[in-house]
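You will see two complexes here that share chain A, one where it goes with chain B and one where it goes with chain C.
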Partner chain A sequence: MNETLTVAAAKPWATGSERPFVRIEKITKKFGDFYAVDDVSLDIWKGELFCLLGGSGCGKSTLLRMLAGFETPTSGRIEIDGQDMTGIPPYARPTNMMFQSYALFPHMTVEKNVAYGLHRDGMKGDEVRDRVADILRLVKLDAFARRKPHQLSGGQRQRVALARSLVKRPKLLLLDEPLGALDKKLREETQFELIKIQETLGVTFIVVTHDQEEAMTLSTRIGVMNAGVIVQVGEPSQVYEYPNSRFVADFVGTVNMFEGRVSEDEPDYISITSPEVGGEIYVGHGVSCVLNQQLWFAIRPEKLRVSRERPEKEHNVLPAVVEEVAYFGNLSVYRLRLDTGKLVQATKVNLSRSEEDAISWDERVWVTWGDTAGVVLTQ
Partner chain B sequence: MPRASTILLVVCILGFVFLYAPILSLIIFSFNESKLVTVWGGFSTKWYRALLEDPQILGSAWISLKVAVVTATLSVVLGTLAAYVLTRFGRFRGRALLTGMSTAPLVMPDVITGLSLLLLFVSMEQLIGWPAGRGMTTIIIAHVTFCMAYVAVVVQSRLADMDESLEEAAMDLGARPVRVFFDVTVPVIAPALVAGWLLAFTLSLDDLVVASFVTGPGASTLPMVIFSKVRLGVSPDINALATIIIAIVALGVFIASWQMRRAARHG
Partner chain C sequence: MSGLIERLPPLRWTAALLRRLGLRGRSVVIAVPFLWLLVFFLVPFLVVAKISLSEAAIARPPFTPLLEWDGLRAIVTLNFGNFAFLFDDPLYLNAYVSSLRIAFVSAVITLFVGYPIAYYIARSPEGRRSILLTLVILPFWTSFLLRVYAWQGFLRSNGVINNFLLWAGIIDQPLVMLQTNFAVYLGIVYTYLPFMILPLYANLVKLDESLLEASADLGGRPAATFFHVTLPLSMPGVIAGFMLVFVPAIGEFVIPELLGGPNTLMIGRVLWNEFFSNRDWPVASAVAIAMLVILVVPIMILRNAQAKTEES
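This part shows the complex of A and B:
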C-alpha cells in the first residue's frame, strides 16, 4: 500500500525515471474506412489510475478493448509489463476487465461468478473459497454470496463485477464506464471506494468514462480523447486549468470562450482584441504568438467575479446584465449578457445561508477577472 | 349496445371453439363405446385397450418415437452450431449463402424435400454403398435436414439477444473459446435449446410426406400407419391414438413454455 502511494507521489510520468508499465505505441484501429483509434501512443505507469475521457464514439472503448485483447489493432503494438501483447488472446493476458453491462453470468451465484476466473487458473478447494470470501468482504458483499445476479440491486451487481475482475489479482484492471449505471449518490460513494481498493491492492487501473467529473475525482492522470486521437494527457488539475485546446477546455468542465486577435505582444503580457468582449482582454503573462494572430481566450465560470460597483481596475472589467440565476445549494450560477450580446457564465460559492442583498435578475453588474485567471488557446 | 369487453369475450370464445372443437370432439369420441365413429354409444376405454393389443400400431409408434428422439437431438446439435456460426463469426465469405441455405428447408415443400432426398439416397447407395437400403436411418437423416433449420432459427434469435460481453467476460477470466461455449453460452441459451428440441421432436413425430418418400420396408412411422388405416375408413381406435398423441404434444408445449417463462424471469 505504502509503495503504491510513494509511486503515486513520485509522479513517474513527470520524471520519466521508471519504465512505463503499459506502453501503447502508435496504435491504429480501422473499421472499414473509419479510424476508430488513430495513431495513439500512450505510456501508463504502475499504480496509476488512468482515465480515458471522451464523448461517445471517440475511440476510448475500442482502445480499452484492444488492451483486453477483444480487438486486434490494425497497426502498432501494445506492451504490458514488458511483454508484447501482439497475438496474445484475451484469456492469456495479465489483464481483467470490468464490463459496462457488468456481464455477470446469470446462471451462477455471486460466489460462482467470482470463483470462475480462479477455477480457470486451475485453483481448487479451500484456496478458492478463501480468495472469494476475502474479495467479497472487501466489496462488502459477503452476505450475498449465495444470491443470483438477478436478485441483486444495480450497485450490488456493480460490486460483484468489480470483485470478479479483481479476484485474479490482475496486473492491469480495465474498467469500461464502471459507474455509468448507478445513480448520483451511489456513484459518488463508489468512486471513493474504488480509489481505496485501488490503493489497497496496488493494481494499475485504466478507466474509460464519458463523465468528466468522474475522471476528475478518480484519476491520477486523464487522457482526453476525440475522434480517435488523444488530445491531451495530464493530471486532473493540469487538464482543467491548462487545457491545450478549445476541445479540452470545453469538454472538461464549463468554460467561457472569447475569440479574438493579438493586438499587443510583449514578453510579460499580451492584449487580445475581441469583438465578443467589445474591447481588449489583458493577459498578464507572455504567450508565444504573433501580432494579429487569431486565438481564443478561455475562462472558467468560478474565476469570474460579479459585483454591482465597478471594481477599481483598468483591465478586464465588463458591464453586463443578469439574465438568469440558478441556485444549486452550494453555489449559484449567473448567466450574464454582455453589452455585446455574448452570454457568459459565472459561479459564486454561497458562503452564508441567506443573503438579503443577493444580486438578482435583470440587474446591471460588472464582471471582472484576474489578469492570469484565463487560458489563451491557439487551436 | 353491448360493451366492448362483451364483444371481445364473444370473439375470444368463437376463436377457441374454431380451434379446439374438432380436437375436443375427437377426444370425446375416443371414449365412445360404439364402433360407429359418429354415434355416441356410452363411455368406454375399450379402444385404448384395443390399441395396446395392436402390434402394428405399437411397433410403428415405437419407431416414430425413436426417430423423433434421435432427430431432435441431432437437430439441436447441428442447428445450434449453424446458429452460432451465423451470429458470432461476423462477416465471412459465404455467410449470405449459408444463411439462405440453412433457412431454405423452412419454405421448401415437403414433397420436394422428400423426393430430392430419395434421389440422393438412391444414388449414394449406388456410388458408395451407404445408406444400404432405406429405413429408419434415412428417415432420421431426412428429418434432421429440415428440423435443424427450425432449431437454427430459434437458437439464432436467442443468441442475438444474448449479451455478447458475457462470452467476452468468460474469456477475459481465462476460459478458452470451447470452454466459454459450454460454460456460458449453452446455459444462457438453454431454454432455446429445450424449445428447439421439442419443436424438432414434434415436427418429426408429425411428418408423413418426407418419411413416406425415404422409408423402406419394415420402417413405417406412426403417421404412415394411421394414414393407411384411415384410407380404409376411420375406426375409433385411431381417435384413442390421436388423443394420446395430443396429450404428449400438450405436455411438451407446456414444458417448453414453462422453460421459456422461467428463463425470461431470470434473464
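This part shows the complex of A and C:
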C-alpha cells in the first residue's frame, strides 16, 4: 500500500472496533499432499457481503465448505458468532449455504424445498406456511410455489435456492458461485437483488466467485485467493486501485504491466527504467524501495490517454501505433503497439454517438498517463 | 459403418431389400429383439394358452385338439373347465396366496438386506466399487442349482451350522432348519439378493451428493436426510429391485423343492406336479396362465417405475 486510505468509521474492518462475526484462524486443509487451503486467517464482520475471489482450484470453495461444515480443517479453527465450530456438524451450524448447482430436491415442489429447513427445526403448520410465503414473495416466486424444480428456468431455480437458504434466517449465508449459471442480463439484475436482500435482512454473506466483476459489484470487501492463500483483502476499490501484487493486479480487471528497475529514489517521486517502455517511468509519489531494485509498474487501461498530438508533458509520454480497436458500445478498447514492441491496452469512454474523427487502425498516436495513475508493485 | 455396408455385397443386398420393404435402420434394430420376443415368448405363450383351453386325454400329446375338421367345417372346442377347476379345488388358491406371501416376505427381507449393501457400495470410493460389485455378482459363476444344494449341506441336522452350534455348546439338539419355510426364505433371499442390490446400486450411485449436503445444511440429521431425501429419490430403484425379486420368486420351483418341506406350498411346485406327476397338461397350463395374469399387475408397477426413472 502506497497511500494512507481514508475509510469511513462505519466500516468495522477498518476500525477494528467490533468483535469479528466470523473468525478464520490459521486454517489449513490438505487433500493428500496437496494444500487446498494453506494457513488462511480472515476476519469477517456482521452485515458484511464478503467475496472470496479466485480462479478455479484456488481453495475458495474448500474454505466455504469448511465454514459450512462439509470439510474438516486439517488444522486451525473457525469461530462463528463467538462459537467454536470445531467438531460441529453442518446440521448444527448457524449457517446456510446456497449451492453452485442449487442442489434443489427434485422430488419436492418449490414450496416443500423452501419449507424443508423449517420442518427440520420442528416448525409446523401456519408458521411454516407464512414464512415460506414471505420468502417466496421476496424472491418473486409466489406464483411458482407448486412447481417442481425441473419445471423452472435457471433463474427461477437460482431464486428458489436463495429462498431456501434464507428462510431459516441464518446468521451467516454462504453462496457458492451463486450467479454462475445465469446469463449476463439476469446476473446483473440478480446482483442488485442480492444486495437488496442482504441489506433488508441484515444477514452476513460470504460469496465465492471467480468473476471479478461480480465480486466488485456485490461486496463490501474482497479476499483474493491464489493457490490456497489469501493474497489480498480489501474493499473493491482498494483491491482494484491498490493491488498489492502482480497476481491481484492481473486477476482483478485488466492491467498493463511494465517491468523495470529503480533509477532514482527520492522521498516524493521515483523513476523506473524500463526497457519495455524504452525509457523512464516517472512515479509522482514516494515508494519504499532501494536503487536498482527490480519492480513492476501496473496501470489500468482506463488511466491511459491516447492522442494524435504529443501532449505537453515531460514524463510518461510514449509513441505507439494503433493495432486494433474493439468497440463495446459504452467504451472502445485500443490495443497499441509501443515502439519498443510492447502491447498495451487503453480504453476510452464513448461520450458521443458518432465520432467521425475517432482514432482508428494503424494511426500513430501518443500514450500518456498521470504521474500517480499507476501502481508500483514489488512482488 | 455405411462404408462397410457398401463394400460387402451381401450386406448391400440385404440393405437394399430392407429399403425396398420400407424398413430403415431404426426399425431393423428394433426388429431383432421384437422377433426374439415373438418367437421365444409370445408363440410359446399362445401354445400354453391353447393347451389350457383343451381337455386332458390319454394320448400323445396328452390333451384334445382345439380345432377339428369334420370334413366340411372346422369345429373349435374351447374348454374353460380347467380355469373353473382352479377355483373349485382350494389347493390352487392356497398355493397362489402362499406363493404371493412367501415371495412378498422374501422380497421385503431382501430389500432390507440389500439396501444397506447397495448404499455402502454406492458411497464407496470409485476404485473400490467395481471390486465390491464383482463380489455381488460372483455367486453367478457357480450354478444356481449347486448353490441351493450347498445350502442343504449347511442347513441339515448334521450340517455345518448344526455341527458348529453343537460343538460350541450353544444347543444340545440339532435345529430343524431344512425342509422348513425358514429355509425357503433363506434360499430366496440368498439367491435373489444380487437382483435387489444391482438396481438399487445403479440408482443410489447417481444420487447427487450435494443434495445430501443441502439437507444437512438445512438442519437435517443423517436419519432425516435418509428418510426425506435418499429414500424417496431411490424409490425407482427400490421398486425395480423389489419386483425383480418378487416376480420370479412367485413362480420359484427349485428353492421350495430343495429346501422347503412338504407343507411349503408354492405355485411352481403345484405346476410341476400337475405337469409331470399328474400329466394333466391342460390344468397345468391353466395354472401357468393364471399365474401370468396375477403377475401382470406387479409387472405393470415395475414398468411404470422404470418409465418414471427415465423421465427424471
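One rule holds for everything that comes next: the second predicted complex is superposed on the first by the 370 of 379 C-alpha atoms of A that agree within 3 Å, B and C clash if a C-alpha of one lies under 4 Å from a C-alpha of the other, contacts with A are read in each partner's own complex, and residues count from 1 in each chain.
One rule holds for everything that comes next: a residue touches a chain if its C-beta (ideal position, glycine included) is under 8 Å from a C-beta of that chain, and two chains touch if they have at least 3 such contacts.
This structure is a prediction, so every number in the text was calculated from the model and none was measured.
Student: Put chain B and chain C onto chain A via the superposition and say whether they clash or fit.
Tutor: clash
Student: In the superposed arrangement, does A:G286 touch chain B (first), chain C (second), both or neither?
Tutor: neither
Student: Between chain B and chain C, whom does A:G55 touch in the aligned arrangement: first, second, both, or neither?
Tutor: In the superposition, A:G55 touches no partner, neither chain B nor chain C.
Student: Considering only touches as defined above, state whether A:P311 meets chain B (first), chain C (second), both or neither.
Tutor: Touch partners of A:P311: none, neither chain B nor chain C.
Student: According to the stated criteria, A:P275 is in contact with first (chain B), second (chain C), both, or neither; which is it?
Tutor: A:P275: touches no partner chain.
Student: Going by the contact rule set out at the top, does A:G117 touch chain B (first), chain C (second), both, or neither?
Tutor: Once the two structures are laid over each other on A, A:G117 reaches both partners.
Student: With both complexes superposed on chain A, which partner does A:H107 reach: first (chain B), second (chain C), both or neither?
Tutor: both
Student: Where on chain A do the contacts from chain B and from chain C line up?
Tutor: 68, 70, 89-92, 95-97, 99, 101, 103-107, 116-117, 120-121, 150, 164-165, 168
Student: With touch defined as at the start, can you tell me which chain A residues reach chain B in the complex?
Tutor: My answer: residues 68, 70, 89-92, 95-97, 99-101, 103-107, 116-117, 120-121, 148, 150, 164-165, 168.
Student: Under the touch definition given earlier, write down the residues of chain B that touch chain A in their complex.
Tutor: Contact set of chain B toward chain A: 163, 165-166, 168-176, 179, 183-184, 187-188, 265-267.
Student: State the interface residues of chain A toward chain C in the complex, per the touch definition above.
Tutor: Touch list, chain A to chain C: 68-70, 89-92, 95-97, 99, 101, 103-107, 116-117, 120-121, 150, 164-165, 168.
Student: Which residues of chain C touch chain A once you look at their complex with the stated criterion?
Tutor: Residue list for chain C touching chain A: 208, 210-211, 213-221, 224, 228-229, 232-233, 312.
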